[in-house]
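Got some structures for you, see below.
Next come two complexes, and both contain chain A; in the first it sits with chain B, in the second with chain C.
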Partner chain A sequence: MLEGAELYFNVDHGYLEGLVRGCKAGLLTERDYVNLVQCETLEDLKIHLQTTDYGNFLANQTNPLTVSKIDTEMRKKLCSEFEYFRNHSLEPLSTFFTYMTCSYMIDNVILLMNGALQKKSVKEILVKCHPLGRFTEMEAVNIAETPSDLFNAVLIETPLAPFFQDCMSENILDELNIELLRNKLYKSYLEAFYKFCKNHGDVTAEIMCPILEFEADRRAFIITLNSFGTELSKEERETLFPTCGKLHPEGLRLLAQAEDFEQMKRVAEHYGVYKPLFEAVGDGSGGKTLEDVFYEHEVQMNVLAFNRQFHYGVFYAYTKLKEQEMRNIVWIAECISQRHRTKINNYIPIL
Partner chain B sequence: MSGKDRIEIFPSRMAQTIMKARLKGAQTGRNLLKKKSDALTLRFRQILKKIIETKMLMGEVMREAAFSLAEAKFTAGDFSTTVIQNVNKAQVKIRAKKDNVAGVTLPVFEHYQEGTDSYELTGLARGGEQLAKLKRNYAKAVELLVELASLQSSSPGLNVPLPISSQNWMRESEKSSIG
Partner chain C sequence: MGSLFRSETMCLAQLFLQSGTAYECLSALGEKGLVQFRDLNQNVSSFQRKFVGEVKRCEELERILAYLVQEITRADIPLPEGDASPPAPPLKQVLEMQEQLQKLEVELREVTKNKEKLRKNLLELIEYTHMLRVTRTFVKRNVEFEPTYEEFPALENDSLLDYSSMQRLGAKLGFVSGLISQGKVEAFEKMLWRVCKGYTILTYAELDEPLEDPETGEVIKWYVFLISFWGEQIGYKVKKICDCYHCHIYPYPNTAEERREIQEGLNTRIQDLYTVLHKTEDYLRQVLCKAAESVYSRVIQVKKMKAIYHMLNMCSFDVTNKCLIAEVWCPEADLHALRCALEEGSRESGATIPSFMNIIPTKETPPTLIRTNKFTEGFQNIVDAYGVGSYREVNPALFTIVTFPFLFAVMFGDFGHGFVMFLFALLLVLNENHPRLSQSQEIMRMFFNGRYILLLMGLFSVYTGLIYNDCFSKSVNLFGSGWNVSAMYGAAHAPSERKKMVLWNDSVVRHNRVLQLDPSIPGVFRGPYPLGIDPIWNLATNRLTFLNSFKMKMSVILGIIHMTFGVILGIFNHLHFRKKFNIYLVSIPELLFMLCIFGHLIFMIVYKWLLYSAETSRVAPSILIEFINMFLFPTSETNGLYPGQEHVQRLLLVVTALSVPVLFLGKPLFLLWLHNGRSCFGVSRSGYTLVRKDSEEEVSLLGSQDIEEGNHQMEDGCREVTCEEFNFGEILMTQVIHSIEYCLGCISNTASYLRLWALSLAHAQLSDVLWAMLMRVGLRVDTTYGVLLLLPVIALFAVLTIFILLIMEGLSAFLHAIRLHWIDIKNSCGGTQGMFRRPKVPNDKNKSN
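Our next item is the complex of A and B:
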C-alpha cells in the first residue's frame, strides 16, 4: 500500500488510535495485581477494582458475588469498547476488525452446528455464544437439517465462507470431528489474516506479521503436544498446522513426525526465537508449562506493538492484552474464592 | 427363678434328659446369635471407620478437582459449553453386587469404564495438558464417590439385623438361664 503511513494514517484512524492508547493506559499494573492478590474475599476484590479503570462495573450485581459474574461483566465491558472502535472505523481498519472477530465467530459457529445437530433450542445456545463473534445470520441456524445445508443456506453469507471452502471435500461436512473442523477453520482463518496484513504492507505488516507467525507456530507446537497419546494420526495432525509461521515448511514436517516432547524440543532448537522459550519450560509440576511460556511471549510482543505508531496492530494488541488481563483477574478471583492461595501468583504479568 | 417363667413338668428321669437337651440347644442358639451379632458389629465398625476416612479424603480430592478446573479455564478459556453440548453416553458406570456377612446380604457398588473418551481432542489447540489433569482429578473424585456411596448404603443394611440379633440373643440368654 502507500508508503509513508505517517502522512495519511491520522486522517482516517487517528481518533481511534488515540482512544485505544488511552484505554491501554488503563490496563492493570503490577501494583494493582499485588493489591488484588492480597484480597481475602471477592468483595475486597470488587472494591480494589473500583479504583482502577474498571470502576463500578459490578455495582449492579446482587449478592453473592461469584467469579462467573465478574467474568461476564468484564467481558461486557471489553465488548462495548470493541464495538465502539468497530463502529467508528473506516476501511481498511474495519476489515481488520472483521478479521479479528472471525476467531470468535468460528467458536460460535461450531457451537451452533453442534446444537443444531443435537436438535437443541437455538435460544439457549445463543446465550452462550461469545458476544464478539456475533453475526446477523445466527438465529437462522436452526432451519438447516444437516451441516451441509447449514453451510449452503446460512454460513455462505458470513465472512467465514472462504474458510469453510478449504475444509470441505465434496460438500461433506458431517464426518469431520467437531474439534478437527474447528482447528481446520482456524488454520485457514489465520492464513487469510496473515495474507491481508502482508498485503497491506507498511508498519501494520511489520508489527502484525511476526505476531501472527508466532500464533501459527504456537498452535503447531501445542497441537503436536496435545496429540501425543490420542488417536489423531500424524497425517491428520499435519493438516491442522497453519502454514504462515516460521516453521513452514521444514519445521512443520519435522513436527508432524515427532512422538514426544524431546523430539519437539529438538525441532524448536533449530529456530532462534523458540529455543529460549523451550528452555524456560520447567519439568513436571512446579515449573512453568509450555503454554505459560507461550502466553508470556505473546504478551511481550503485544506490549511492544505499542512502541510504533500509525498501524492497526495496536487494536489487535489491546484486545489480546485485555483478554489476558481478564483471565488473570478470573484466576486470582478463583484462587481467593476456593481459598487455594498457593498458586495465586501464577498470573501472567502484563505491564 | 421367676414365678411366671415356670415350666410345668412331670418330675421323671426322661423329663430331666429332655430338659438338659433343651438347655443345650438354647445355649448353642445363644452362642450362635452372639457370634452373629459380634460379626455384624465388627463389620459395622469397619464400615463406619472407612466412611470417615473416605469423607476426609473426599474433601481434599474435591478441592483439588475444583482448583484444576480453575487452572484449565485459565489456560484453555471457557470450554464448558463445548463439553456440555457433546455429552452422549456415560463413560463410567456402576455395577451393584451382593456381599454376604453372617447371613445378611449387603449391596456393594463397583465402577467400571466403558467406551472411549469422547473429549479426547477437546483443548487440542489450547490447554490440553490442563484438561487431561482435570479429567484425571475428577475421575478420582468419581471413584471415591462411588466407594462412599457403597459404604453408606451398606450401613443402614446392617442397622436392622444388628439390634434384632442382639434382642434375640438376650431372649435366648434368658431362656438358657432358666435351665
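Our next item is the complex of A and C:
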C-alpha cells in the first residue's frame, strides 16, 4: 500500500515538499518569541522581525506602523508562498490545495454577505477578506438574496459549488441564516475534504484524517458552545455537526443534547483525546480558554505531520502553523500597541 | 611572497574612542579598511543596542533613497555612477541631508500622485472615446431598436464619468456600456446570463489596440460591451456584476446628437489633459534630474553611515560612559596606519581628548589574513574554496600558482588550443582597466576575474602541447624526426647483418598494409627528438598505445610527487606550530607509507625506462605484474627488474606495514604518555608546554567565535582535548579515522591522478575527430570548388574548436585540476585540524559595497 507513495511521490511533488520543509524551518523559534515579547514598540518588533525569515517585508510601509499593516503584509507573504506552491503543483496535489483554500473562501463569502446585510460597501469588506480565499466572483456575492440564488448565480463555477447541496433553501439571508449557512457549508466542506484524503490513501490519509477529524470535532464543540442560550433548536444544532470526526455518531448525539459547558465536558470525557484538553481549560480567570487549548492541540498535530514524508499533510500543516504564527505575532503586536503587557505571553508556542 | 606563504601576524587591539569622536574615528578607519571588529555585545539583542535609533534613521534614509532611485529609473534618467566613493557624511550634515531628502520625497510623491491621477483620467477618457466609437457600430446593426431610445428622456451629463445616471432612468429599457479586460469576458457573460435569466442582451467587440489599465498600469487587450436590459432590479444586478468583474463603465449616450456632443467634449478634454500631463512630466523630470546628480553618492554615504553605526553597536561602553571601547583585530604591519587613522578621526571632530589604542595580549587565535594582489587573487580564491587555512598556516595558494596551471595543462595539452587561450587571457589582461570589462555580465566577469589563471593555463598548455607535440591534433616537425625509414631497406646494411633483421623490400612494402619500423636496426632510430614526442608518431597506427603508456606513467609520477609535496607542506606546518612529535609520529610514517609503495613504483618505471633499450625490450618484465607481485609473494621465481629485487620489496613492505601502526597509535599514545607522566625528560617537556599553549589558544578561540560559524563537533572535540580531563578515546578515534583516510586515500588518489592521462587522451582524441570529420573532408575536395567549401568548413571548425575543445574541455580540465588540488591541500593542512574553520578575514567591513 505504501510503495506507490514512496516510489513516485518525489517525481511530482518532491520539489514542493522540499520547499515547504525549508519554509517550515523559517518559522519563528522560541528564542524569537522571547525577543519579540521584550519589544517596547512596534518599531522594535519590526526590527526584530527583520532578522528572521520575514526579512524586510515591512520596509516599504510608511510610518506610523500599525498592527493591521503588519497583519496584511504577513498575510500577503503567506499568500505569495502559497500561490507559488499552488502554481507549481500537479494533480492531485492541486486539488488538495483547492480544498485548502475552500475554507478561506467560505469565510470570505460569509463575511461579504454579513457586510451586505449591514449595508457596508464591498470595498471596505474586501480588505478584510483573507487573500487565500479570494476569487473573482466573490464581489458579486451580495446580489443573492437566498442561498439557492447564491448558488445558482455566483458560486456555481467555484470550487464551493459541491458543498451547497445541503443548504439550498429559499430562506431570506438574515444573520442567523448566514451563520447556519456557514456551518452547513463548513460541514459539507470538511466531509468532502475528509473523503478526498481518505480516498487518496497512503501517508496522506494517515496524517490528514486525524487532523481533519480533530477539526470536525472542534467545530462540533464550538457550535455547541456558541448555541447555548440562542434560539437554535437541538435538532437543528445536530444537523450542523460535521460527521467525519471521532465524535460521530454517539458523541454528536450527546452533544446535541448538551445544555451547558459541564454537560459538554462530560461528553468529551468519553474520549481519550479530548478529555485532557477539557481538563486543561482553566475556569474563569487566569486559565486558558477552550479555544487556546484547541489551538495548542492543533499546533501539536501539525508539527507532528512533519515527521512523516511523502504526503500532502505538510502543506496543510505548514499553512496552519504559519497562520498560528501570524496570530501570535498579531497578538503580541496588539499587546504592545495597547500597552497591555500582562497578557502578552498568552501566545500559542509553536513547538 | 612572504605574506603569501603564511598569513599575516595579527594582534588584538583595544580602541578607546571618545564618545564625541567615535563616529569620525570609525569613518577614518573604515576608509582605510584596516581592522576587523569583534562583537562585544553578543548577548544584547539587536534592538536593545546603543545606536539602534541611528541605524533606524539610516534605514529611513535608505528607504527614501530607494524610492528616489526607483522613480529615477522609471523615468529613464541615467544614474550617474561616480567612481569616487565619498566618505561617510559628517554628523552635522546628516540632519541637513535627511531634511533635504524628506522634502524631496514629499514633493516627489505629490507630483507623481498628481501625474498618476492625470494619467488615469486621460486613460479613462481615451477608453470612453473608444467605447463610443465601437458601440456606434452595435447600434447601427440594431436599427430596429432605434425608435425605442428616443422615448427616454435625455441624460443630463453633468459629469462624464458618472455612470450612476442609469439609475435615474425611469424607463424599462436601460443600457450599460463599458470596457472589460479580455480574460474576463467569458465568465462575465455567463454570470450575466445566469443572474439575469436572459433578460439582458450583451453585445461585445474586441478593441483593436491594447490599452493600459488605469489601475495596474498593465497594457492589455480590452473588449467593449453594451448590455441592454429590462427593469430596474435587473439593472441593479447588472451593475453589481460589472463591479465584480472590474469593468470600466461609462454612460451610454442615447441619441446620435448626444453622442457627437460627448465625443467633441471628450476630444477637447483629452487635448487639455495632454498638455497638462506634459507639463507635469517635464516638471517631474526636472526634479528627478536634479535628484539623480547626487543620489548615487548619497546611497553610498548612507550605506557607510549605517555600517559605522553597526560597528559602534559592537563596542562596549566604558563604566564612566565617556568612551566607547572597541576590540579589533589588526595586522601588526598596519598598526601605525591604525594610529594615524585614529588621530585623523580625532582631529577632524576637533575633540580635546584624542582617541587612542592599546594592544592587548591574547590567547585567541586571530583570523587569517592573506594579502593578495590582482595576480594572486584568483589562485587564493581557488584555495579558499576548500576552506580558509587557520592562522599562520602554510598557504598552499603560493604553490598552486604553478601546480594548478600545470596540472590543467597536462590534461589540456595542445599547442594550438593553449595558444588561443593564452591570447584570450592576454587580451583580458591588457585591457583590464577597461570599465566595460569590470562591470560585465556574470559569465564574462568569471573569465575576467580568472584572467591571470587563464593566462598561466594557456602558457602551460603551450608547453605541454609542445611536449605532446600536438597542435590542433597535428604534430609539428620542428627538428626533423629521429626515425629514418630508408634504413629499413636492405641496401644500407652490410650483408652479414641482414640475415638477423627483418628488412623491407618491394614486395613487403607493396603487400603489407602496416609496416613496422624496427629501432634495433642500426640507422633506423637516430636518437630521441630534442623536445617532446617525435612527430613520426602522429603517422603511426600504434600511436595511441605508445601515448597511453607514456601518459599513464607520467600521471602516476606527477600524482605521487604532488601528494608527497602536500605531506611535506604539512611538515612545515608542524615545524611552525612546534609540534615536532607530529612530524615523527604522523608525517614521517605517512611519507614512508607512500614512498615505500608508490615511490618504489616510480623507481621501477624510471629504472625500466633507463635500463631497457630497443634490443632488450622483448625481455623487459611488466611493471604491473612486478608491482602486484610485490604484495602477493609468488612462489614461482620471476626475473625481476634488477637482482635482489625481491628482498628490497620485502623490506619496503615491512617498512610500510610498520608505519601503519605508528600512524594509527603513535600520536594518541604519545599524548597519553605526556599526560600521565609529565615529569619525564626535559627536552620534550619544553615542547610539551608549548604544545599545550598552542592548543589552548585554539580552544579559547573556538569557544569565543560565534557558535553558528563553525562545526560544533570539532569544537567540542578540541575543547575536550585540552580540558583537564584528557579524552584518550576521542584522540584515538580522530587519529584512526585520519589514518584510515590517509592510507585508503593514498591508493585511491593515485588512481585518481590517472585522470590526468584520461582527460589528456580524451582531449587529443576529440580534437583528432574534429580534424578528421571536418578539415580532412574540406581539404579533400578538388581545387576548383575546394576554396569555396573551405571557407565554411574553416568557420565551422573554428566555432567547434572554441566551444567544444576550448570551453567545454577546458572547463572539464579545470574542474579536474581543482579536484586534484583538493588532495594536495588536504594533505598539506595536516588533516582535520582547523582546515574548514572559517575565520573572519579582516576586511574593510566598514567600507560600503
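Going forward, the second predicted complex is superposed on the first by the 307 of 351 C-alpha atoms of A that agree within 3 Å, B and C clash if a C-alpha of one lies under 4 Å from a C-alpha of the other, contacts with A are read in each partner's own complex, and residues count from 1 in each chain.
Operating definition for what follows: a contact is a pair of C-beta atoms (placed from the backbone, for glycine too) under 8 Å apart; a residue touches a chain by one contact, two chains touch by 3 or more.
Just so we're clear, the structure is a prediction, and the values are computed from it rather than from any experiment.
Participant: Once chain A of both complexes is superposed, is A:Asn307 in touch with chain B (first), chain C (second), both, or neither?
Facilitator: A:Asn307 sits against neither chain B nor chain C.
Participant: Touching A:Ile222, do we find chain B (first), chain C (second), both, or neither?
Facilitator: first
Participant: Given the superposition on chain A, which partner contacts more residues in chain A: chain B or chain C?
Facilitator: B
Participant: Contacts for A:Ala140 in the overlay, against chain B (first) and chain C (second): which applies, first, second, both or neither?
Facilitator: second
Participant: Thinking of the overlay built on chain A, is A:Val154 touched by chain B (first), by chain C (second), by both, or by neither?
Facilitator: Touch partner of A:Val154: chain C, not chain B.
Participant: Where does A:Ile178 make contact in the superposed view: on chain B (first), on chain C (second), on both, or on neither?
Facilitator: Once the two structures are laid over each other on A, A:Ile178 reaches chain B alone.
Participant: Just checking: does A:Cys335 make contact with chain B only, chain C only, both, or neither of them? Give me first, second, both or neither.
Facilitator: First partner only.
Participant: For the complex, which residues does chain A have touching chain B?
Facilitator: For chain A paired with chain B, touching residues are 110-111, 114-115, 118, 120, 125, 128, 177-180, 182-183, 186, 219, 222-223, 225-227, 230-232, 240, 289-292, 295, 327, 330-331, 334-335, 338, 340, 343, 346.
Participant: Could you list, by residue number, the parts of chain A that touch chain C in their complex?
Facilitator: Counting only chain A, the residues touching chain C are 35, 38-39, 43-44, 47-48, 51, 59-60, 122, 136-140, 142-143, 152-154, 156-157.
Participant: Using the touch rule from the top, collect the residues of chain C that touch chain A in their complex.
Facilitator: Residues in contact with chain A: 45-48, 52, 56, 59, 63, 184, 187, 190-191, 194-195, 237, 240-241, 243-245.
Participant: Within their complex, state which residues of chain B touch chain A.
Facilitator: By the definition above, chain B touches chain A via 63, 66-67, 70-71, 73-75, 77, 81-82, 85-86, 120-130.
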